[in-house]
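Quick one: the structure is below, questions incoming.
Per-chain numbering from 1; labels A, B, C, D, E and F assigned in written order.
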Amino acid sequence: MKTYVNEIKENENVDSLFLVREKSSGVTKTGNPYLKLKLGDRSGEMEGRIWTSVEMFAQSFERDDFVHVKGKAVSFQEHLQLNITHLEKVGEEEILLSDFFPVAERDIDEMFKSLTEISQQVKNQYLKKLLCLFWEDEPFLERFKMAPASKWLHHTYLGGLLEHTLSLTQLVLKNAPHYDGLNMDLLLTASILHDLGKVEELSYKRSFDYSDEGRLLGHIILGVEKVEEKIRQLPEFPKDLSTLLKHLLLSHHGQYIWGSPKKPMTLEAVMLHYLDDMDAKINGIKQFLKAQVPDGAKWSAYHRMFEQAFYVPNLWEQMELTNNIEKNESEG
Amino acid sequence: MKTYVNEIKENENVDSLFLVREKSSGVTKTGNPYLKLKLGDRSGEMEGRIWTSVEMFAQSFERDDFVHVKGKAVSFQEHLQLNITHLEKVGEEEILLSDFFPVAERDIDEMFKSLTEISQQVKNQYLKKLLCLFWEDEPFLERFKMAPASKWLHHTYLGGLLEHTLSLTQLVLKNAPHYDGLNMDLLLTASILHDLGKVEELSYKRSFDYSDEGRLLGHIILGVEKVEEKIRQLPEFPKDLSTLLKHLLLSHHGQYIWGSPKKPMTLEAVMLHYLDDMDAKINGIKQFLKAQVPDGAKWSAYHRMFEQAFYVPNLWEQMELTNNIEKNESEG
Amino acid sequence: MKTYVNEIKENENVDSLFLVREKSSGVTKTGNPYLKLKLGDRSGEMEGRIWTSVEMFAQSFERDDFVHVKGKAVSFQEHLQLNITHLEKVGEEEILLSDFFPVAERDIDEMFKSLTEISQQVKNQYLKKLLCLFWEDEPFLERFKMAPASKWLHHTYLGGLLEHTLSLTQLVLKNAPHYDGLNMDLLLTASILHDLGKVEELSYKRSFDYSDEGRLLGHIILGVEKVEEKIRQLPEFPKDLSTLLKHLLLSHHGQYIWGSPKKPMTLEAVMLHYLDDMDAKINGIKQFLKAQVPDGAKWSAYHRMFEQAFYVPNLWEQMELTNNIEKNESEG
Amino acid sequence: MKTYVNEIKENENVDSLFLVREKSSGVTKTGNPYLKLKLGDRSGEMEGRIWTSVEMFAQSFERDDFVHVKGKAVSFQEHLQLNITHLEKVGEEEILLSDFFPVAERDIDEMFKSLTEISQQVKNQYLKKLLCLFWEDEPFLERFKMAPASKWLHHTYLGGLLEHTLSLTQLVLKNAPHYDGLNMDLLLTASILHDLGKVEELSYKRSFDYSDEGRLLGHIILGVEKVEEKIRQLPEFPKDLSTLLKHLLLSHHGQYIWGSPKKPMTLEAVMLHYLDDMDAKINGIKQFLKAQVPDGAKWSAYHRMFEQAFYVPNLWEQMELTNNIEKNESEG
Amino acid sequence: MKTYVNEIKENENVDSLFLVREKSSGVTKTGNPYLKLKLGDRSGEMEGRIWTSVEMFAQSFERDDFVHVKGKAVSFQEHLQLNITHLEKVGEEEILLSDFFPVAERDIDEMFKSLTEISQQVKNQYLKKLLCLFWEDEPFLERFKMAPASKWLHHTYLGGLLEHTLSLTQLVLKNAPHYDGLNMDLLLTASILHDLGKVEELSYKRSFDYSDEGRLLGHIILGVEKVEEKIRQLPEFPKDLSTLLKHLLLSHHGQYIWGSPKKPMTLEAVMLHYLDDMDAKINGIKQFLKAQVPDGAKWSAYHRMFEQAFYVPNLWEQMELTNNIEKNESEG
Amino acid sequence: MKTYVNEIKENENVDSLFLVREKSSGVTKTGNPYLKLKLGDRSGEMEGRIWTSVEMFAQSFERDDFVHVKGKAVSFQEHLQLNITHLEKVGEEEILLSDFFPVAERDIDEMFKSLTEISQQVKNQYLKKLLCLFWEDEPFLERFKMAPASKWLHHTYLGGLLEHTLSLTQLVLKNAPHYDGLNMDLLLTASILHDLGKVEELSYKRSFDYSDEGRLLGHIILGVEKVEEKIRQLPEFPKDLSTLLKHLLLSHHGQYIWGSPKKPMTLEAVMLHYLDDMDAKINGIKQFLKAQVPDGAKWSAYHRMFEQAFYVPNLWEQMELTNNIEKNESEG
């Protein structure tokens, strides 16, 4: 059973799995070599030291490996440190990613089920078939379900991409019928596929970071290429429909300056952009408020990307006013 | 009965109400004075001339007056021109504004009824009372129902402000419950009141234009002042609630550069901004597509404010594809 | 008598008033609880510790309270620390704000007298009455005289708002007559009132910070509301005059991007903007030069907001040149 | 005596001096050559035709020449046209520039006298000598007194550069003593010299336009070079003083984006920038209001460079309120 | 043989091929229908009228068709107009595109030969094979050789894309060896392929305009897709190499604001961006100088996109100075 | 012989030259005064202490002096510290600048020889003479050869200005003949002189920093002034040629926002800007990659000025692919 870093106490013996975040070697004052490690899991990080059989252990694992560690927690210069007596590399298949990274609060399989159910509302035969190709692509699905939606800004947890995709798709379902003449099939398909390039843009099995492809090409292009790859398997897929769908993916950031090489040029593209931006921003602020508000404070810390702080209080709770908020939550 | 400018044919006698858009005097080659008028209604404009009793007529009306005109349409230099034999100023109460300006397609009273019904979902007693004060303010309501929402960009017709307000409020009803913890009462109240300053910002009884107050102070400030004026009549109204509500009004443009003196700092303010912007933009594009697309063209003209053109085709209709669009329309 | 933090020496006994800037609890290695405080006044901050009667003291005061403290200064890890034997909360009325915060160099009452004298040059009866309403509003005046003008940039000391207001009003007196046709009454009134919203925007009785209202609405809106509140008490006040005056307040930042929801649209608004900006910037640079120039350096540190450094030398003094500068100073 | 274009009536004989703004040749339907001219002076432009001795006249003058013309005004296609019977080129020395271009309202020699008087307040011996070199440079003075300050924006008339320079210098005299420690000598010298590069940047003897040097180098650089040229004649002139003075010239536009290669880095440079910008803008708006406000309108046309319209009314006049404005004018 | 529009004279009979740029119908004063055409070729446009057999002709061709026309040029309201007696639609294969649009000065086949020769310097086997696939794709080549490089800015003539591509590739050949460590193979391949998406972005067989795909997706994305399509035919093509190559295409505009979804992140991408931008700008200015400089003028008209004018003179020629310019030209 | 800071080991005796970067005094716990120094050379910095004859030593040197130091390296709080027994100030002429600052990899005299050889290709007699004046100005040349090209961004080492100048001039030689009609003489002269103002903008004999003149006027203006100074010695130098040359210097940053007071207005100025920017950026990235890439990393650190990271890998080396890169290097 996993022992989390933030549960470890002084003088306890530890026997659990960790991720090696840093690895370097040092020399004691008496001239003996030792290994300095930083061990992590989803709850935090701690220092580790290997004082014996140093050379043997040093060759048996690398930075970014998952390892099975035995040792004892001792206090050194006001911090806890793990004196490691045994360490063994373990494979990815032996660990639970969710032990090592934050994970979405909602159940991932449930969210995925909701998404595929909504996708069945798409009636256009070509778009329907296109979505099916994705739903049948197991290697893709495995990554799609676990990927975060962003490194910094919003949905930055395992399952975050799926959560954001489902949320946007539900928003589209609610908003598209509000206006005459918007094409629901196109909007649903585009909202389901809009960020799929993030599956390749972000790596998240060791830390949340951008892959080389992600940095050099970006999720917008990676997504368009992925969609194009599936469309090639559907020879009847109309060219114009493909162009329109790709336009929605390309333009969903809304402005050149936000990395879209095209501005939205159809009503569907305009709606997709606004709802995507709103969902990302609301989730991002909520995550930030959870993490960056001192107890009892009325204002969050300053948010660097948004260049502002956010106001926290829920007046209704504080003022015991008659209000409407329970109703909202039950519907949410 | 009103005869519209675009119905008048050569050599017809005309007997109808018009708005005097321009008025100046000229002298014929034979040295006689005459009056040159531009007469308008919602269908267009035409030239008018008064050749007799010039001085008497000249003193009886001014530019921007509504007038009852009798005369005959003749052709001059390839354009129709009205030779006026009789002209009489009429009061505002004798005309129908909707004869002179474009008007919303949806029935104004029906829209207003929908809005007040939604407003009854607000449970917080203070916000409820605040809305009631507006619903009881007949002079305000009269203007609120008829005002356009903008001079250039979106909902530029009589009843446009009401239509936009109702649309935004419905969007709030759909979207707020999608997220936990957003305050529906605050959002509903703010969406109903967000643009009410436009009642004073825009003048629309002669042409759609900005009032002096509108230009010098702007609808955001005018709206906050109007809300403050009503809140003063509710001495128990909590200060913090008033501040939050005004913050939503002030920040609903989202950015300094778009004229908001504050950026949205609460989740409700963030949502209000996105949905308001989306509704204005979608309506604006739809109006533009109606007016600025040559027959059969696939692209609109270049839109100066948005700095782009828009793509027109409805692929579904053209390609006779199975699609989902009827369903959307029936729900819309 | 006040002992300032920067006067306290090792091993001295201290008996004075301080502001509690931080308060938290700790446990000694031997398991005993203690209180950790940060105590401050206008000269700086120091650590404080309460080792005895911890629970009793802990309940008797909070962060941001003013307290009467007795104890002894000891050295710990190269810093001074106050071992507190006695601590008692005191009311705001028992302290001098100027013991705790920097204060304007010029006498506050004298500056206020100068300002009210200038205000008597306003001849327009409505503006004259409006100013009188402010001069008779004692609670407002108390705050107006003590408030700083800004948290970061300029006049960041008690009395700074008054100093800036007086300075701007004097500049208006000098500059308005330079041009034909500018309305001196409007300019004087607007310069006196232009920043009065800062009285509510900034809190300064514990530290210089923004109030909730200040953050959510901003001093421009708060000022316009305050002016509107007074104008309501003057039923004859002409609407157009009120609009013009409020326009000057709204537009005095000059650009959307600097937080003004309107750009200056009258000559008076244009002048007010330039002189306000010049006064704020010159004072801000002077404050910065006092604080951020190493001894003997010719260049200040880099100023983050202005994104540049400033040049310091006074060539005249260095080069013993014949010059004009004494004259300027005697007039200043 | 000069007959102005806007005074010429149909069928009058004309005998006066004009500027040839355009010159081209045509052929009548009967195959005879003729000359088409556009003749101008400060009051406007009119068409001119030469039907006889065409070849001889054609060789005797060019576009941009001043000419003495005799002929008769006739009406052609609703416009007046001058049928020229005699035309003779005249030299620049035979005309009055002010007959052909708008000229400052204030007397040019009087303004220049005021400026030189102020310049005597400069006490620093080096700056004093520098200014003297300019006052002794007759060819420079001749151009300096007549040049406009800008082609488009402000003081766009003969003598405009001098008027703006004097105005800025007077503003400096008023504002510098308001702050401690600003160097009046430096500020006076810089304000007198700040725009002198415009003498070479703008050509104005045929039309207001930019010279090649003006376009390729700009008045800021041309001015610095001119100042450097004079300083070379003063071998004792301190290097640091020269650098500071040139910094004020270089930075007076305030921002890179407005063409200054350096931002103001001293208090004097900051003040010079604000006052220069204020003076240019106030003059520019006043000129615009004179030219671009329809009779009785409350709003000017849209100003392209400032991207806004301006509000016109003088409430005091309209409302017959007690006011302060006469006093201002008498002082101005 | 083609008769060009600008060669047609009054009363001449015309028998030649034209492009129908506009087509509409009218009614004569006597009530007879007629057809109004605008006929064009590379030399200009003229009006055409069909007065007889109107219905028959009307059905035989459309706007944007090439037609064989017989008729007579007559003068109407000061313009020439073609009274058409015979008109017949012709296929694209019967016309020479270069009769209808401007064409590159350099021979297209020669330029293409130069480009393919340079491409043989690429040694990397994968990039070599990739280029071969393009050189073997006849339908692509046909379009690639004829396409313009832009609608507005630079190389706006048939063959312009090829000319720009060759020019950039030659620049790369010259500049890459100047720095250590830049990869010539990657740079050559990317410069050859960088704008190939313009083949589909621009339509040019009727007028120079953007295709639907071009507007909705843009040449950057279209180019990346085209490259991806070819790479799929090369199963061994290394993934990293493909990513790097696509990064050069994506980032060659250099900035988000100029439509690149990624900024250049490798030295090769940085160089490609600068040389591409320099070549486009120099060609664009040269084209502009040819078209937009009045005879003898020293300054071009104002260039809207570049927001400036350009200086024309060649001092060397004017001043008969000893100079270096012949040498340059001989090398060019 | 110089002992470099990074070569010094614990307990070694040191006898070498250093630069005094910081100097302050302290008092030991036993009450004795001592001196704290920071000593530096091109390899780094270390602490120094003088415990004896403190007063005598204190008076014998200042911060920024070069000194001859004898002492012993001891370990204190995990860092090395030099206990100094002897210290003596030495003159600038006794040290080698390159011992104290990083220096260009290429030999400075060789680079200078290449530059002067290229300058002989200039045939225009005036430009030729102008360059000669610079080549004969020994005090200028001494500084020109040693100056860095920038404090932060590119070529930040002794000889960097010369290296960048030579590189740009070689680029001009390669690129100018690629286009018809560019003036090689003008381009060569301008590229040689374009950054010469940096000789006075940057000080580099104690540390790389900006001089007062550099900060207040900038290298663009300083360079134009220097060129103007030389041109004055050539009375025949044509005015237009001087204006054009200065335009190239003024505009070489390309945009106002990058500090150029003029945008490039001739083809030569356009080319100079692009090549200068490309050379600075490529060198800057290469320097950054050397310094800011952790071993084995594929991505550099984030570059603050360029606001991005750079991609490092050389695929060819890693993948052992056939490639072209050796050829490039041999030519470079």
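Here is the rule we use: a contact is a pair of C-beta atoms (placed from the backbone, for glycine too) under 8 Å apart; a residue touches a chain by one contact, two chains touch by 3 or more.
Keep in mind that this is a model prediction, so the values were computed, not measured.
Quickly list, by label, the chains bordering both chain E and chain F.
Shared contacts of chain E and chain F: A, D.
By CA centroid distance, what chain is farthest from chain A?
Result for the farthest chain: D.
Among the chains, which is located farthest from chain F on the basis of C-alpha centroids?
Using the mean of the C-alpha atoms as each chain's centre, the farthest one from chain F is B.
Since chain D and chain F are copies that touch, is their contact same (over half of the numbers shared) or different (under half)?
Result for this pair: same.
Return the distance between the CA-based centres of chain D and chain E, expressed in whole Å.
Taking the mean C-alpha position of each chain, the two centres sit 44 Å apart.
Tell me, which residues of chain F touch at least two other chains?
Those would be 212, 215-216, 240, 244, 247, 265, 309, 311.
Give every touching pair of chains, nothing left out.
All chain pairs meeting the touch criterion are A-B, A-C, A-E, A-F, B-C, B-D, B-E, C-D, C-F, D-E, D-F, E-F.
Applying the document's contact rule, which stretches of chain B touch chain A when the two form their complex?
Chain B reaches chain A through residues 121-126, 167, 170-171, 174-185, 238, 240-241, 244, 247, 263, 265-267, 270-271, 274-275, 277-278, 281-282, 285-286, 308-311, 313-316, 319, 321-325, 327-329, 331-332.
Which residues of chain D touch chain B once you look at their complex with the stated criterion?
So the residues of chain D touching chain B come out as 298-299, 309, 311.
Contact residues on chain E for chain A in the complex?
212-213, 215-218, 220-221, 224-225, 228, 240, 243-244, 246-247, 250, 256-262, 265
In the complex formed with chain F, which residues of chain A make contact?
The touching residues are 212, 215-216.
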